[in-house]
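Below are the structure tokens for one structure; questions will follow.
We just call them A, B, C and D in the order they show up, numbering each chain from 1.
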Amino acid sequence: MSCDLRVRIGPLELANPVGVASGTFGYGAEYEELVDLDALGAIYTKAVTKAPRPGNAVPRIVETPAGMLNSIGLANPGLEAFVDRKLPELRKLRAAVFVNVAGSSEDEYLEVVERIEAAAGPWAQPGSGAARSGVDGYEINVSCPNVRHGGLAFGTDPAQVERLTAAIRARTARALVVKLTPNVADVSPIARAAETGGADAVSLINTLVGMVIDVRRRRPALAMGTGGLSGPAVRPVGVACVHKAARAVKIPVIGLGGITCADDALQYLLAGASAVQVGTGTFVDPRTAAEVLAGVQAWMEAQGVARVEDIRGMLLA
Amino acid sequence: MRQFQARIIANRPVAEAWRELVLEWEAEPPEPGQFLTLRVSPRLDPLLRRPFAFSGFSPADPAGGAPATASAVYQVRGSATALLAEIAPGNFLDAIGPLGKPFPLPAAGETALLAGGGIGLGPVLFLARRLRALAAAGQGSPEPRLLLGFRNAASLPELDLPEGSLLCTDDGSAGFRGTPTAKLAADAALAELGHRARLYACGPAAMLAGLAALAKERGWRASLSAEQWMACGVGACMGCALPRADGQGYLRACADGPVFEGGEIDWAAEAARAAPPVKAGAAPRPAQGPAGAGPGKERT
Amino acid sequence: MSCDLRVRIGPLELANPVGVASGTFGYGAEYEELVDLDALGAIYTKAVTKAPRPGNAVPRIVETPAGMLNSIGLANPGLEAFVDRKLPELRKLRAAVFVNVAGSSEDEYLEVVERIEAAAGPWAQPGSGAARSGVDGYEINVSCPNVRHGGLAFGTDPAQVERLTAAIRARTARALVVKLTPNVADVSPIARAAETGGADAVSLINTLVGMVIDVRRRRPALAMGTGGLSGPAVRPVGVACVHKAARAVKIPVIGLGGITCADDALQYLLAGASAVQVGTGTFVDPRTAAEVLAGVQAWMEAQGVARVEDIRGMLLA
Amino acid sequence: MRQFQARIIANRPVAEAWRELVLEWEAEPPEPGQFLTLRVSPRLDPLLRRPFAFSGFSPADPAGGAPATASAVYQVRGSATALLAEIAPGNFLDAIGPLGKPFPLPAAGETALLAGGGIGLGPVLFLARRLRALAAAGQGSPEPRLLLGFRNAASLPELDLPEGSLLCTDDGSAGFRGTPTAKLAADAALAELGHRARLYACGPAAMLAGLAALAKERGWRASLSAEQWMACGVGACMGCALPRADGQGYLRACADGPVFEGGEIDWAAEAARAAPPVKAGAAPRPAQGPAGAGPGKERT
């Protein structure tokens, strides 16, 4: 049996459900010697902000039990450098590309999207034969715990999320994904706000706020104090959030958080996700995304499931 | 760079808590200064891969006998290295390498000064052997000078050290009493060399900061190998940042380094960050930006 | 040097800062063959509710990377059985005893506290030589993710937490601890509400909402679907929450979540906790609390710290 | 019950994916039906201790020679048992035991029927040996009857099985073709025994449910050993609950069990819970309470 692995996100059709998460895969090229980029369902870029950001003071990462904290601080070369230097590279990719967008005000988000829309030009379905524009969609990061202003603040207030989503929606016909934070009592209202604002999908989870203290030095291990917790440790939180979000909205949900194997990804898909992303798992083993896809396919074949999009309805109560 | 299952040829103790790991090497030959990352357990704690500098490389025997091997010298410090120490030869390790920028070779006629501090000796040994081989083949510069620093005579590793290596110990129990930095600073002849000398070093942050300052004073060019916690090891995550000396942000230890020129990195800031703790019973130090000066202010 | 390990929580003086967490240590007796109960700083009992609770459907626990989920559902014999059968046993303990109280309405919480106050009789400082009453304080669980009504709902609303705390405060002079949930965007307002309501301390964290799906059976691994995530995986979240709460309130903070060794406990103390609790760590190794205490003491001696209560001020910025 | 570092005497394969672990036993002698918990790694993944039933015990040689040993037979299923399989004799394991309630011994004159399914054979073997020893010493009941069920001939373990053990295989490739339950059900002489027989069993949930039903029908008393995920293993956490047959809540596998009387537990509900998956391609089953009938309703 050959399974149908395609996943629809708004106008966009992903070749398969397994993408690589923002901030963990650079702009793709960094991993090209180790990973077959063409086999990925989607690449979510490192966040792009209006101005260049050197990132937070160091150290920025520390390991935790079955996880890690990061406080990269959205380090990125900024909008203009992205357009000049990264966009041409992204055009060479076959996989769908989501540009992850962050800002500290609504205007900053809009400026990034407007500029990229102008620079990327018209969009065509990946694989359609038409020239690649370098950008197939946006993933709006309203949930980064590592920036002082904006970020998490946006992501915990449904009204702001809806307004920001609607404003971006008005500016692009490309696939629009809003990335949610788990640092709330309930993700449902935020997911619904994104849906009402016109998002084509929501993705979750971003990292959980966490802290490690270096007892020997009597200082936080990270220069910024707190960081974002990711990796297998948070997977149960991610699956619970996706399960909840998938019951709150009708648009597709993209699940991530701690995926390191096919079983993890299947948990997200059964919880209601239409697609998944591998983040920290790539650090642990760059082959993770490929192995996840192979494992999902093998499971579908063994279970007799024809379309990957059907898995989300298969959880028994 | 490649990812492959590397067969362990040897994993033997060479000093208290130090071991030498030898792997069958199936990827491109590594250069001195480059590193590899290893996943030491299929379980999820410890989670991240661990970086280790190459301490040597032997190409495959063209006669078809021995395979190519690469080695690293490592210190058992925490969870991952403790697990690594338990894995017997014959088993396989998930390896990625070679990674990072190697030491740039000295220009013709340049005298290479090599300094290794503690477990930082690995890449410096590798470079020393390479330079000696080049010198022996008549392709290189003057014989390199190699200084290795240890705590004391008891901590000297059982490793084949190149002839002429100068040992330094903190307590003078073997070789020169003091650090490689002190020894280099005390040598008037070296001071004369100015830009005809080039310093190569790997060791604790404080040593690198001291050597960077000395090199600047002496007019030596310096290539120093830095360490920073790494997540991806390939330049994708921005986790392994080191503060630039010019205050213009950060460089990545894994992809822009691990070898940097003396003037590139704010070595002093890095050394301050890794500094030993103040005794807690004493009055707490006044609060200050965690990374000390310069780079702490880069937050946006 | 001999360190002063005592910790003050309202009227109560704990002999040392290391307690064992509610729900992970029964009522003490279960572990008496393995753990020296007299050496513990405090024992926090399994939750007591007005009516007996058989607990949730099974399975109730599942392992996760460096953690576990539970959905015990506050299984307990109920208030009357507690008073009849458990209270006499608790009187035999030397360690301070906190009765963990849960309910699905404010009235239920109050009824439990009133009845126990009446049954336990007058309170005397542990170690004072006076007869033990069996109850040295209450830990009010407004944060259990495993019950449908009450629990988490209370714990995420500052107004309700303040009102409930004040109502209980009016009914007891014993030490009053309010246990907070990490399932909120910010613990500070909830911690402040407990303080304003008259709590002597806040304890945190309770578990994070999480889910594991059994891919083979296509069902949640836990009968209830979601459960509470605990263990080392959540430690960074706990330390971050304690760090925040300790800066929001003046009353002591009791830190827990994922403590398995002295270093973990010192992270909490440096983050601002006055005392800690070991939960899941006891399952992994029943000696954990004792080893944590020995390790904290060794660290204090090495660092020249005289009083354990000083550690919370020792974090360098 | 005690916690101690138990030295591994043996850890040998006895069938594909089955091993026998023998530990130097420093705590009280275990009784058949009791279990121990092991921490198989000092790291945090896998995190929880794992329970294993005792499959045998040898007291210390009073001559002062061999120490007391306790054994368990285990199946490599997941992370913890895979790690356990790698630990060589001579190393130590953090052990707690003996835990739980043992099988109650048969009353004088009662015929013991022992049934083990798959890896559930351990406690049943232990009990069989104990009963045979008692019988041999003239203190016991009639010779116990021991039935062991396996998938096929290839999965029979290399273990000293008591003389007279009856082997059953699903495919008939060795011994009786069918399950121990089927064999017991087919034996008319046993049916006659009624309350003069007592059934002891350990095995998969479906087997226990079948045997509980059969025992009820035949009038045999039944002591069945159950399994459930455990966190504490000592009765403190309420994690290992099993639904009571009378619908009055739950019993703890670790402290109220693991051995229960046939009528105590809702074995059918447990078997339904552990049932193999429906083929997913088929239409999803109508949603229903996750634990099936009765106990699912106990939620409050």
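Some notes on this structure:
Following the convention adopted for this analysis, a residue touches a chain if its C-beta (ideal position, glycine included) is under 8 Å from a C-beta of that chain, and two chains touch if they have at least 3 such contacts.
Source: prediction; values computed, not measured.
Distance between Cα centroids is largest for the pairing of subunit A with D. Once the centre of each chain is set as its mean CA position, subunit A and subunit C turn out to be 35 Å apart. Distance from the subunit B centre to the subunit C centre is 46 Å, each centre being the mean of its Cα atoms.
Contacts with at least two other chains are made by residues 65-67, 217-220, 225, 231-232, 314, 316-317 of subunit C.
Multi-chain contact residues, meaning those touching two or more other chains, occur in subunit B at positions 44-46, 278, 280, 289-290. With chains as nodes and touching pairs as edges, the resulting graph is complete, every pair of chains being joined. Per the touch definition, subunit C reaches subunit B in the complex via residues 65-66, 232, 303-306, 313-314, 316-317.
Per the touch definition, subunit A reaches subunit C in the complex via residues 64-67, 69, 152, 156, 183-185, 208-213, 215, 217-220, 225-227, 229, 231-237, 239-240, 243, 258, 263, 266-267, 270-271, 299, 314-317.
Residues 44-45, 279-282, 284-285, 287-290 of subunit D are the ones touching subunit A in the complex.
Residues of subunit D touching subunit C in their complex: 1-3, 39, 44-49, 94, 96, 228-243, 248-250, 255, 273, 275, 277-278, 280, 289-291, 295-296, 298-300.
If you check the complex, the residues on subunit C that touch subunit D are 23-26, 30-31, 33-34, 46, 51, 53-63, 65-68, 70, 72-73, 75, 147-148, 216-220, 223-225, 231-232, 260, 280, 282-287.
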